[in-house]
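See structure below.
Naming follows writing order (A, B, C and D), and every chain is counted from residue 1.
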Amino acid sequence: LTSRSLFTPIFVPEAVQDAVAGAAWVRAMLDVEAALAAAEAAEGVIPAAVAEAIAAARPDVGELGVAARAAGNPVVPLVDALREAVGGDAARFVHYGATSQDVLDSAAMLVARRALEPVLAELDAVVEECARLAREHRDTLMAGRTLLQQAVPVTFGLKAAGWLAGVAGARARLRALREALPAQLGGAAGTLASLGDRGPAVLAAFARELGLAEPALPWHGARGPVAELGAALAVAAGAVEKVALDVVLLAQTEVGEVAEASGDGRGGSSAMPHKRNPVGAVRARAAARTVRGAAGVLLEAMAAEHERAAGAWHSEWTALSDALAYTGGAAWSLREGLSGLEVDTARMRANLDLGESDEAREPAAHLGAASEFIDRALRLA
Amino acid sequence: LTSRSLFTPIFVPEAVQDAVAGAAWVRAMLDVEAALAAAEAAEGVIPAAVAEAIAAARPDVGELGVAARAAGNPVVPLVDALREAVGGDAARFVHYGATSQDVLDSAAMLVARRALEPVLAELDAVVEECARLAREHRDTLMAGRTLLQQAVPVTFGLKAAGWLAGVAGARARLRALREALPAQLGGAAGTLASLGDRGPAVLAAFARELGLAEPALPWHGARGPVAELGAALAVAAGAVEKVALDVVLLAQTEVGEVAEASGDGRGGSSAMPHKRNPVGAVRARAAARTVRGAAGVLLEAMAAEHERAAGAWHSEWTALSDALAYTGGAAWSLREGLSGLEVDTARMRANLDLGESDEAREPAAHLGAASEFIDRALRLA
Amino acid sequence: LTSRSLFTPIFVPEAVQDAVAGAAWVRAMLDVEAALAAAEAAEGVIPAAVAEAIAAARPDVGELGVAARAAGNPVVPLVDALREAVGGDAARFVHYGATSQDVLDSAAMLVARRALEPVLAELDAVVEECARLAREHRDTLMAGRTLLQQAVPVTFGLKAAGWLAGVAGARARLRALREALPAQLGGAAGTLASLGDRGPAVLAAFARELGLAEPALPWHGARGPVAELGAALAVAAGAVEKVALDVVLLAQTEVGEVAEASGDGRGGSSAMPHKRNPVGAVRARAAARTVRGAAGVLLEAMAAEHERAAGAWHSEWTALSDALAYTGGAAWSLREGLSGLEVDTARMRANLDLGESDEAREPAAHLGAASEFIDRALRLA
Amino acid sequence: LTSRSLFTPIFVPEAVQDAVAGAAWVRAMLDVEAALAAAEAAEGVIPAAVAEAIAAARPDVGELGVAARAAGNPVVPLVDALREAVGGDAARFVHYGATSQDVLDSAAMLVARRALEPVLAELDAVVEECARLAREHRDTLMAGRTLLQQAVPVTFGLKAAGWLAGVAGARARLRALREALPAQLGGAAGTLASLGDRGPAVLAAFARELGLAEPALPWHGARGPVAELGAALAVAAGAVEKVALDVVLLAQTEVGEVAEASGDGRGGSSAMPHKRNPVGAVRARAAARTVRGAAGVLLEAMAAEHERAAGAWHSEWTALSDALAYTGGAAWSLREGLSGLEVDTARMRANLDLGESDEAREPAAHLGAASEFIDRALRLA
């Protein structure tokens, strides 16, 4: 039904789509409610049997999005459904001491943690492809190009090493953030008042249950965790986009130094079946731009009013989903392009001769530290 | 499956969602193929019977998004499906002389034209609500506020008139752009070469068939039509967002001058059932932010390489869908908030007394041209 | 002193820099105060002699920026300086009935109106260069390129015609907006209360004095005029950027179809003096990106609180200045690149042969409507 | 002359303006040339006497911005001036083995490193003010507010603790990045070819000379270091903006819980001298928006062509300067607002009574873990 059903699959692989899909968010919200109950049971706030009932409940959430309109977020109808599924006296312990934002923010971090697994795997695969190219083409001479004009010679291995370093740097930041994604639990206004003096203990247990970091204090109104993640995703997508841009440029008809794999209509065109478009790189560039748009929304959302923002918070949910999905999609698309990349080393050498410089005439003598730099980059892989 | 299934319904009404959904895009692409065939038949380029067959075909498009990965756009598999549905000799006249971008760009303009109907209807409804408030509260005194500090008195009618003027101005631009949305037809590289000397005539007929404007020349690489639409949607969403922000501020517990309608859980909270959140305005603000993110993607996409961009073009599809959907959603959400708005005129008067200025003591004598300004704004409704 | 002193001259010509410089804003603010006094004198609100004194005053504004910190805007210290310069009894009629935002918004529109003159002149020059290229190269065959792969043949004239149409379209919008830039006059909260029943008449006279449009009502909190201008500048910069991107791509060593003029170190490099970089196009691309960043700030500023925003308004001043300056700078940089552009028609023909398609072998027979499209575009010049 | 001369001082303190001013960039570029020469002398690439001459040279750089137009960057004319100042045979060793981007990127990192000192000092001061408020108001009851509706009670200390944690988190990232800012040295295309086998050793010495990190390999085309810094500045500005937004909201006439210090016209208005605007917070909000616009430019610039981008790179210089300056300015403005903040604890208590909830009647019993959370936040200060 939504606008994304047609286009998202072009840019995002199934595993990544699934990881941020509505069902994944619902699953995460239910996991959060279960973790809350478990933590509260462990701290003696609610009966242990209730926590088990909540964990075992399989509520029928139905059309949660439509039901969420009245409250402006899906937690309210979700809790209703969960209470109904749990039933009886236990129902009143569902969502005990929590507020909607506790559940949705913790779920967001859980979705992010889970989605980062395939996203990071795609980035790993890109790094691997870059490392392979760097190793295989350590001595493959080609033109260095500045402002798109030929400069002095480089090697394709050095170029791939630069790609590698860029993506690996962004990946390192995402990995670090993934370990720091904080749980959210503050109750109605961040005091955990309903939990009396057991608030901090429940918070600690809750974070442990979810495998998320324990925050110093609730961050309902301090959106650093979301904004930093959005920014890191935009940087990762940008690092991927740089590679994709280079691939598109090297694949130009007049340059012809690389070509993405063809076959099965890949890279074809509706008007010109003979064409061989660098379709992986093209899709990666498009996906990276989508991430940048979403990251802008997340950065803007930092200006949050008081203990819960009236709109900025609500704008995070699709933006974060998109930032995760399309970063994974950018990496996946690029990886597809790189994995079958045909490298025309003869063409690289021939293009180099266009430059007519001294270096072009005797390029190997002019490579300086290229090989050393490749080694250094490979250590980042 | 996609990330939007859970959250989009909170912010976007069904009619607007449907207007930009995958099915709407597929419908539009098929309409474009039919219009192309009809135009070509009218100009004697292809047999009339073929055009009828194309218009009558009901291709099974299946999982178009996944099939679209190989070529990077959904037109290639769509044309395959359409050719199969048409069958026989006629199949080779399907998509005759066109390129993928002709179909997708024309479909985008068609989707925009169709989606702007409910979007403009929602903006009309917002304008109507503002006009109603302006009329009803022409003499309702309240504090004017600059930098969120009370300044001199205004009327609530004047405030609503300012809302009206902002939204009506943005609406006027969208209306004008809607009439100017151009068809796209250029063939493989913008020359309409396959149509020989009948290219311009086919282009004119094609645009007429679709009810779109005839462009001076193909705009495969000149993305003004898309970027201008994106910018106009961001401006419209921004005009809505301004109203929503004012509503949120007026509804603050300590201000209490307006309240959105409650009932059926509307504006409720999972932790505090007694709360009465301005949920329409809150959703409107979130939706407007999403539009802004999408508009940024569309503006960036103007830098398009040569006769078709390698990635920028591909980033437009979801961004345009989002910009349309969430502009409609922002207006719809706000309208819901305004339509049941409870205005506490006594509280407005009481708050005015907080200001302790001369004007606050005798406010009606200090309204100047407010009523005249209201009349002027109402003429924009 | 500011961060811009080193870099701005690279991207923006003196005439455009001057048009948005601090001095231009101060001049505009003083013009606004004079126009206000003149309008009020004409309507009998203040003595005519006072208006003359205000118009004749040459206040020493000194370090207005630093003085503006206390109030958060430069109008407060400017009015102080103006009152001192006018002196005597007349001083109390300075700024009569107006608020800071009246002066700053009207000055912004005046600065925009004045700056759009050189900006539009630069866009005119770009259009002229495109028209010249379209005429001169009507029959110059070259490869059409989609996704940066050679497609069917086009002419360089058609490509230039597409550039022309894109820039001319954006220019048309800027021209229309320039005529619609509204004066701002509302007094403390938009009621013109201090002017009693003469408010609307003073507003009309004030707008006439300034050569600005008369708004339906004050727009202190309805930022459409600024946001629409920002968006239109981003679209114009984007249209310029598209041309610059194509120039950079055509100038690649391996493509070699165009080159910007060299001489006097133009396009040189610190490491490789023999290089011939397309420096005009490069600078244009950078400038366009700066516009886009500024336009984002302006679009975000639409969400303005009540009768004057607490921060959003203040973010407009430099963003609007940048959007104007760098749009002019983008056009100026590109124009410089286009005006001396060397077009290698033999190379265009030779590159076409790389395509190996039927069309490449007999390209002239495959140009379809190209010439007709060129004629249409030239009518937009 | 530039557009910033009037407005920048309102938002950015002198020390921060100076740190990113044209003169600071020129100083940094000369420092880079001197460090390069020193490193090369240490490795025996150039004579030691030459390095001393370069370090001692005081070139007359004149109107570098205008001179930079021909090459598109200021390094070319700067190197010319430096060679002239050094004179004689030594001149040819100036800039030896380097390219413009080596100098400008290293200078950018040096400017960033130096500017981050006052920027971080301003952030430290904000953290200090928040810590002071958190300590002083540990037991000051006030309303928690979600969606701008009163929720359950909090303390002002807890609110300030949340501010503290947000700013401290962003500060930690900036501190870490500051230590990781890499030198840039790759020569014409990233191979350091001119330095033969001494390239890596020179690079290491060069980085040491500058006090910058040694990169694994040149990053001419891998813009992570700039984009990550831009993103971190946007996050820091966003954390500041959140506090500023809360201050503006608390300072509303109808809320009246805090007021910024007045006196000497601070917070005044041209129309209403009695007003007391939260001008520090207002300026901080505006500055933060400017940072966000600049950060968008920097993120977009990651898509860099090959070994040096044709425009994206050039867009970084003013964007980075702005991002640094306005982050510092946002913190400085907010700090000014916080340092004299008058906190009306009686009003906080009175407003709490508006809520009419059970919690409002006996708020102290409902504060849960607030005090514990404050302690935790204070440990981040």
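Convention: contacts are C-beta pairs under 8 Å (C-beta built on N, C-alpha and C of every residue); 3 or more make two chains touch, one makes a residue touch a chain.
Computed from a predicted model, the values in this text were never measured in an experiment.
Compared on C-beta pairs in contact, A-C and A-D come out with A-D as the pair having more.
Farthest chain from chain C (centres taken as the mean of C-alpha atoms): A. One finds 26 Å separating the Cα centroids of chain A and chain D.
Here the CA centre of chain A is 37 Å from the CA centre of chain C.
Multi-chain contact residues of chain B, defined as those touching 2 or more other chains: 72, 99, 145-148, 151-152, 187-188, 248-249, 269, 271-272, 277-279, 282, 285, 288, 292, 296, 300, 310. Considering their complex, residues 72, 99, 101, 144-148, 151-154, 158-159, 161-163, 165-166, 169-170, 173, 187-197, 199-200, 203, 216-224, 227-228, 231-232, 234-235, 238-239, 241-242, 245-246, 249, 285, 288, 292, 295-296, 299-300, 302-310, 359, 366-370, 372-374, 376-377, 379-380 of chain C touch chain B.
Only residues 143, 145-152, 248-249, 251-255, 269, 271-272, 274-279, 282, 296, 300, 351, 354-355, 357 of chain B touch chain D when the two sit together in their complex. Residues of chain B that touch chain A in their complex: 1-11, 17-18, 20-23, 25-26, 63-66, 68-76, 79, 95, 98-100, 103, 187-188, 244, 248, 264-272, 277-279, 281-290, 292-294, 296-297, 300-301, 310-315, 317-319, 321-322, 325.
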